[in-house]
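There are two complexes below, and they share chain A, which is joined by chain B in the first and by chain C in the second.
Here is the complex of A and B:
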């Protein structure tokens, strides 16, 4: 696909999946999209391997924008980016934006063929300076 | 005259959609606007402020309610097509009609 991909990372798999549902229903299927959340035992959490897998599932040569909820979602996403091969790591960014709204805004921007920088900027327009 | 004269197209359209220009309609309008090369602007008043119809954040922030008149303006070689397409989308109630479930 030629559009920037979107990854949603939440501590709760249901939050992540629900946000992804909103993106699919509101924006459509023209944006690569993946989500992850929760720990393997069914509790709340995030982990680096699952985030890496989600980045690869949503991969686009135009890059991938990650939306995160709280604390560990962000630090684990940063670790996942560091573990990517260098040619991919440079094309993945974390958006400083609310996870649900940011995902919908970012995906809308991405659906028009915007660059990764534009997609991230659109998501971050939501955040107070 | 140049081969691509700068064209300006304008229209106004009444929002009949039950919940107005809320989340899903905003996404549809923005996505449609992005498909045109023309600069596309919208406003709730002829005097403005005019906002970029290709900016999902700005379009969603307008919160135009049902009954509001949407002013559209496009500038560029496909300006007329852009305005026609956007008017048609609003007149079709964003293709959602009665099926739209009003969020609580």
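Here is the complex of A and C:
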């Protein structure tokens, strides 16, 4: 796939899946997309292994943008990026943006063939500076 | 400093302490966070304890790296990467500078601060880890270091949270001990119990 991939990480699998549904409605299959949510026992939380898996599922040589909800989702995503092979780690960014709006905006930007930097910037326009 | 038997005992003692206090940690976290700290920490340290044979048969630096990796993969909250980073960095630093326990501990606590984008005095685990690392560097006795851990965890009660979920509460975070500071003190105490 030649477009930037999008990963959605929420504490709640249902939030992540719902956000992914909204992204699909906007961009169809134009953008590699994966989501994960929940801790390793299935409760609310996030899980480094699941995030790594989602990054690999949404992989694109143009890179992957991750949208996260609360604190632990960001910290666990940072950890997951560091655990990727170096040639992949440099092509994955976390967007500082609201998870649902950010995912939809980032994916819409990505579907037009934008670079990873452009995708991240578009999502982050949603956050107050 | 540690042979395989000691390391094994220490790991199991820490895991038992975390398990024994899981409800307390969850109660603290329910007051100012999302109420999962006890369950998350118990899951992580149970996983470490379950793997104790494979971990304790390594040299200390490698064992610490294995503990850190296990915590990162199993805890499931922000405390996973934070405690994971603590043990991972401790192991990497000890491998790079054998025997410099105080230097390695300070580097490891700095790495936790960087991971959490936090600093001393913000009502987090750092409020225990930094004073403990400083006391250890300054050559304080074991009983003094344990007293520092206990006192500094309790002192988070009067602070306002700046980082983490508790910061959403603003002033209402004052009056509760920080769960991460408490779990850090518990771990320091459990390690202290098993060391000479």
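The criterion applied here is as follows: the second predicted complex is superposed on the first by the 128 of 129 C-alpha atoms of A that agree within 3 Å, B and C clash if a C-alpha of one lies under 4 Å from a C-alpha of the other, contacts with A are read in each partner's own complex, and residues count from 1 in each chain.
The definition used in the following text is that a residue touches a chain if its C-beta (ideal position, glycine included) is under 8 Å from a C-beta of that chain, and two chains touch if they have at least 3 such contacts.
Nothing here was measured: the structure is a model prediction, and the numbers come from that model.
Student: Once the two structures are overlaid on chain A, check if chain B and chain C clash or fit side by side.
Tutor: Overlaying the two complexes on chain A (C-alpha atoms) leaves chain C and chain B fitting together cleanly.
Student: So, does A:108 touch the first partner chain B, the second partner chain C, both, or neither?
Tutor: So A:108 only meets chain B here.
Student: For A:18, decide between first (touching chain B), second (touching chain C), both and neither.
Tutor: neither
Student: Anyone got the angle at chain A's C-alpha centre between chain B and chain C, nearest 10 degrees?
Tutor: 150
Student: Applying the touch criterion given at the start, work out whether A:26 contacts chain B, chain C, both or neither, answering first, second, both or neither.
Tutor: first
Student: Is the number of chain A residues in contact higher for chain B or for chain C?
Tutor: Comparing chain B with chain C, the partner touching more chain A residues is C.
Student: Which partner chains sit in contact with A:126 here, chain B, chain C, both or neither? Use first/second/both/neither.
Tutor: Once the two structures are laid over each other on A, A:126 reaches chain B alone.
Student: Applying the document's definition of touch, where does A:98 land relative to chain B and chain C: first, second, both, or neither?
Tutor: A:98 sits against neither chain B nor chain C.
Student: After the two structures are laid over each other on chain A, how near do the C-alpha atoms of chain B and chain C get, in Å?
Tutor: Checking C-alpha atoms only, chain B sits 27 Å from chain C at its nearest point.
Student: Could you tell me which stretches of chain A are touched by chain B in one complex and by chain C in the other?
Tutor: Correct list for chain A: none, the interfaces share no residue.
Student: Which residues of chain A touch chain B once you look at their complex with the stated criterion?
Tutor: 25-28, 104-105, 108-109, 111-113, 122, 125-126
Student: Name, in rising order, each residue of chain A that touches chain C in their complex.
Tutor: 11, 39-41, 43-49, 70-72, 75-76, 78-79, 83
Student: For a test of understanding, state which residues of chain B touch chain A in their complex under the given definition.
Tutor: So the residues of chain B touching chain A come out as 23-24, 27, 30-31, 34-35, 54-57, 60.
Student: Okay, in this complex, where on chain C does chain A touch?
Tutor: It is residues 34, 36, 39-40, 43, 72-82, 84-85, 115-116, 164-165 of chain C that touch chain A.
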